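Shared chain: subunit A. Partners: subunit B in the first complex, subunit C in the second.
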Partner chain A sequence: MQSLSLLLASLPDGVLLGLVYGLAAMGLTLIWGVMNVINLSHGPIITLGMFGTFFLFLRAGVNPYLGLFVIAAFGLLLGVLIYAVAVHRVINAPHLSSLLATFSVNMIIIGLGTAVFTTSPYNVDFSLGSLPLGPVTLLGTRLVAALVAILYAGALYLFLYRTRPGKFIRAVANNRAAAELMGIPSTRILALSFGLGTMLAAVSGALIATFFPFSILSGGSYELKSFVIGVLGGLGSPVGALLGGLILGLLEGIIPAFLESSWVPVIEFALFVLILLVRPAGLLGAKR
Partner chain B sequence: MRKLLSLFSRLSLVALLLAACAPAATPAAPPAAAETTVVIGFTSSLTGSQEVSSKRQVNGFNLWMDQVNAAGGLKLPDGSVVKFAAKTYDDESNKERVQELYTRLITEDNADFLISPYSSGLTAAAAIIAEQNGKVMITAGAAEDDAYKQGYTHIFQLYTPGSLYLISTVDMLKKLDPGARVAIVHENDKFSTSVVTGLKPYLEAQGFEVVLEEGYASDTTDFGPVINKLTESGATVLLGGGHYPDGSTFARQLYERKVGLKFTSLLVAPADSKFPELGDAALGVSTSSQWELKATHTQEEAASVGGEWFGPSGAEFASAYEAAFGDKPTYHAAGGYAAGLVLQKAILDAGSTDPAKVKAALEAMDIFTFYGGIKFDTSAEAHGLQISHQMVVVQWQKDDAGALVREVIWPAEVATADPLYPVPAP
Partner chain C sequence: MSGWRRHTGLLVPLVVVAALVLWPIVTGKAADRESAFTLLKAVALASSLNILLGYSGYVSFGHIVFYGFGGYVGFYLLSAQGWPLWPALLAAGLAAGLLAFLLGAAILRLRGAYFALATIGVNEALKAFINNFEPFGGPIGMTLNFRVYQAYGGAAQALALAFYLAAALALAAVVVSHFVRVSRFGLGLQAIRENEDAAEIMGVVAPRAKTWAYVLSAVIPGAVGALFFFKNGNIEPHDAFPLHASIELLVMVMLGGQGTVLGPLLGALAYQGMRGYLVTSDFFGDIQLSVSGVLLLLIVLFIPTGAVGWLRRRVAPLRRVLA
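Here is the complex of A and B:
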């Protein structure tokens, strides 16, 4: 049964990549959930994570997975900075203002990045070998990346549900005015949430860089994936993002096995529209 | 008093007349060679997906222009001297930008002649604008055939057309392994599609079994699904690829997944000097090349086919290029240089920079340069298509020191090494 073995071979790749895409989407969806801001600088921040791996690994010789800590810290600080500079003043303005503000940040990062890195493709030559399992070959880097994605998702969950700042974030997401009345420093919590969102984006970029080449312009396609995943899983729902990532990863793995790969976006976006029509809040969407 | 006044007025009249005549009366400066500056317009992809190859093409062209200008320009039979100036913009690897910018080059910058951008897709966009405005355009990095079958008469191609790109690779396979099962996996763009259009019927005519034909999007980064299909198809030889970013990614993932093909030929990417950055993943990967220094064309070759030789030798070009850019020239660089060379020859043949005369000279051209033969189809069906230039097959092999080197493996007359076949499994 040829098509069955092809399906089997395509499944694991889809799952592994889907988890990493899900991690990126989680960053986008967290920011939306807490402050109703669509972060259009999501893509370039993913790209900065990729460059982080490139420079830490190739120039400083840091193992890409140890480098993740540095990149996570950098992502968090960058997010807090972007929040303070571009988002804070427009947070209560109509959505268009925050869209334009984060879009401007997007253009600034891409412009600076093009000047510094050019648009040449970069490649992190790092391999963990591969693990043959019958008809299936698992690539080490993807396996580890998926595990790291799960770890980060789990840590985020614990942070949101088991720690004080996490509870504050949920409170602000739920009702900012009420949270402020309870004495929660909402500005600091919003900045922290934005920082966490960009941290997840940067970390996912750092992981993707261990198996795919990239250029400063690569962020766009991953940002688009994050939107699709966010809508599938439900904007504002971190667990939904992971689920949406899995679905997207599986679609991208399986569709090309049976159809021309140009069908992938057709089917993906048909599903996107369908979800918007049938379940506008997404599969696990937070009630709004 | 009246007499005095009248005399005064006459004198002043004479003075005025003299003044008016003075400029004409002074002898003209000796007829110093009239120097004209020809403006050559083109866009290049300083940013975007075509950046790597495009920059090399522009380097090659600039080298030609600097050399000609430094040598004092071209001297035409009427004694005038022609120098060159380039007008160029970044097209961001974007078709819409190409059309805007070529319009600007023609209407605002008054470019006299045009060179194409890099890649077939961008060139097709530029060709429409050049043709609409009746400007001669030499297409350097653009192999696809279709642009020359639209009835255009101002576009002249330097590269061997896409439909003939892999013919010599198939000839080589026929000799090495007539029973090979071939998979064709290619980028879904103008150029790669035109290559495949010519490739598939030729493969079948040579008795090869094509077990898979698959296209992928230009921005593909995950080749996992395609590689699964490739493994499943039982193919032993892969022909395909597209441009630099996708081709280098594809080669890397084929290696990581230990696909174990006997032979892999990818378009464009393996011809670049950045390709060995892939390390062992580059070993054995082959490509069709428009020009290789190791198999450069020579005056003897030109003489043996009775062709007229023009321009520097391959070694002269390569050493000048290396001195200028600190990098060995690839075929993209040679193509950029040859674009200038062809224009130079056409202006010299025409004895003028008049576009109609230069166009006629291009149509009549039949020359040999270090880059190879140059002759354009002049039929109404395929005006401007390159019909003289030939390609070689190259492969990344390891030299005695274990370093990756690009060897010419076909045709046998110019080969510098035997084909590595089958390529050892990773």
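Here is the complex of A and C:
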């Protein structure tokens, strides 16, 4: 019975966190889907989003959720910049080149970040109280973060399916050469997609910062979570990423009720490799 | 090409490794020996990775998993079972090779970035598993009893022995890398790198060739891991499976030139040298990671074939010597 009450306590929390992690993974998977590049600078960009919340809230006094708009704009611009500098030249090269190019961006951000912020932990002291629901208590910040994640996912969906640039992105993802023949400016669309991907990563970092402490090195573990989620939901499928996030969140909620919580990463990564092997298109089966 | 001319490419790498071994012997300083040990370790690991990455084109992002796994197996045999160093190193290498064989059967079916992601997943899964595996000490890891070193004539003697063993492993990695390159097997791998489907049609049994390349690239890192942690005296999950070290190895191979024998060797020396300089320099010390990142980016964008590849293309007479 004890494990059941533990389960009730940890499961909703897992779901909420999973949605926020899913938002980050959506950024990773969008970039992969459009240009077949695994963005290894994903983690540090999540971290930059965290620091964005920290400085906007603690130094400028901006409400963290209003600050999201600033961070989103910054994430978009940063992504376009990274694309122009590091990715564009290697977009057609073998995978090793784009992996290492984005990894070098990772090193540059972490190196500069370590010099500026050191590696000591930061904490955003922000609370929205908590919401008791029967035996379960939900933290306000996590609830709002999960709602924001769903909102962003919905907005991304509308953007991709209801607007012209969104259509262009899907066309380029589908077949770049054919899209170019139809007169779509593919370079600009690729830069925009990369920017959107980093934007989602930065926003999810900004949300995570409202409830977890962080340091400049925290991004790495969230990046790995994004890989797992991306593969669960199918790389290249933004909607799958949200579902993958939910599954990961559920796993993180369920496993500690039965096993020591240090077994969570073992199961997560074993599942990750297994899904890559048996269903590389993801559980949903991406459309590619 | 037949006879000795096939092997001219081995000349320069052998000279470089020999110079690395002689350097601390000539100066007689223990600090130099430590630096040379680090360099030889990097050479052994990078040359091994090149067997898979450079020849067959499969990007292993988690190659350090073999170093960590071999390290753990060797360390366990040394500390808990009381094995002598030699058989423990051998067992560690074989264990890493066996792991690669079993893994390879599964994950080498994946191509491109999917394979790279799977290798990251394997590294993280094994690290997390060993974190929970009590016989290997769980999160605390294991520590070597100081008495173990007495079998080799005390700690100082054991350190010297470890240095010569590291030299032997680096040499072995370079020699294996060369013989794979000039063999029929290596040609098959290079055909897979250029176009796997075409290679299969031409009669290369791709799954078998890839698996053996994976095994060959894992054995020496396994032994290097056991040797390093024997010298280190303790082992922890965090030290044994550092993902960033995997990527450093990729950088070394890329820097020097993938798919060549000399490239990974030069890349390992250049990368370690540069890192040593940046970390200790006053100006770059704080942002050394950023400087390395900028250099890596420049190389990836502008000299993707690495130093050796660039030289081979520019200076035709060097093609025979720089292989």
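The definition used in the following text is that the second predicted complex is superposed on the first by the 284 of 288 C-alpha atoms of A that agree within 3 Å, B and C clash if a C-alpha of one lies under 4 Å from a C-alpha of the other, contacts with A are read in each partner's own complex, and residues count from 1 in each chain.
Just so we're on the same page, a contact is a pair of C-beta atoms (placed from the backbone, for glycine too) under 8 Å apart; a residue touches a chain by one contact, two chains touch by 3 or more.
Because the structure is a prediction, the values reported are computed rather than measured.
Tell me which partner A:Ser5 touches in the superposition: subunit B (first), subunit C (second), both or neither.
Only subunit B; A:Ser5 stays clear of subunit C.
A:Pro213 in the overlay: touching subunit B, subunit C, both, or neither? Say first, second, both or neither.
It touches subunit B, and subunit C stays clear.
After lining up the shared chain so the two structures overlap, which partner does A:Val273 touch, if you call subunit B first and subunit C second: first, second, both or neither?
second
Regarding the shared-chain residue A:Phe126, is it in contact with subunit B (first), subunit C (second), both, or neither?
In the superposition, A:Phe126 contacts neither subunit B nor subunit C.
For A:Phe159 in the superposed arrangement: first (subunit B), second (subunit C), both or neither?
Neither partner.
Let me test your reading of the model: by the given contact rule, A:Thr114 touches which partner, first (subunit B), second (subunit C), both or neither?
It touches subunit B and subunit C both.
With both complexes overlaid on chain A, does A:Thr137 touch subunit B (first), subunit C (second), both or neither?
A:Thr137 sits against subunit B, while subunit C stays out of touch.
See if subunit A has more residues touched by subunit B or by subunit C, and give me that chain.
Of subunit B and subunit C, the partner in contact with more residues of subunit A is C.
With the two complexes superposed on chain A, say which partner A:Asp13 touches: subunit B (first), subunit C (second), both, or neither.
First partner only.
Between subunit B (first) and subunit C (second), which, if any, makes contact with A:Gly253: first, second, both or neither?
After superposing on A, A:Gly253 lies in contact with subunit B but is clear of subunit C.
Could you list which residues of subunit A make contact with subunit B in one structure and with subunit C in the other?
Touching subunit B and subunit C on subunit A: residues 114, 260, 262.
Going by the contact rule at the top, pick out the subunit B residues touching subunit A in the complex.
It comes out as residues 46-49, 51-52, 188, 214-217, 219-222, 224-226, 228-229, 231-232, 244-245, 248-249, 252, 256-258, 277-279.
Using the touch definition up top, name the residues of subunit C that touch subunit A in the complex.
Answer in residue numbers: 53, 57, 59, 61, 106-107, 109-110, 112-114, 116-118, 120-122, 124-125, 128-129, 131-132, 139, 243, 247, 250-251, 254, 258, 286-294, 296-297, 300-301, 304.
In their complex, what parts of subunit A are in touch with subunit C?
That would be residues 32, 36, 38, 85-86, 89-90, 93-97, 99-101, 103-108, 110-112, 114-115, 220, 224, 227-228, 231, 260, 262-263, 265-266, 268-270, 272-273, 276-277, 280 of subunit A.
Which positions of subunit A touch subunit B when the two form their complex?
Per the stated touch rule, the residues are 2, 5-6, 9-10, 13, 17, 114, 118-121, 123, 125, 127, 130, 137, 139, 212-215, 217-218, 221, 252-257, 260-262.
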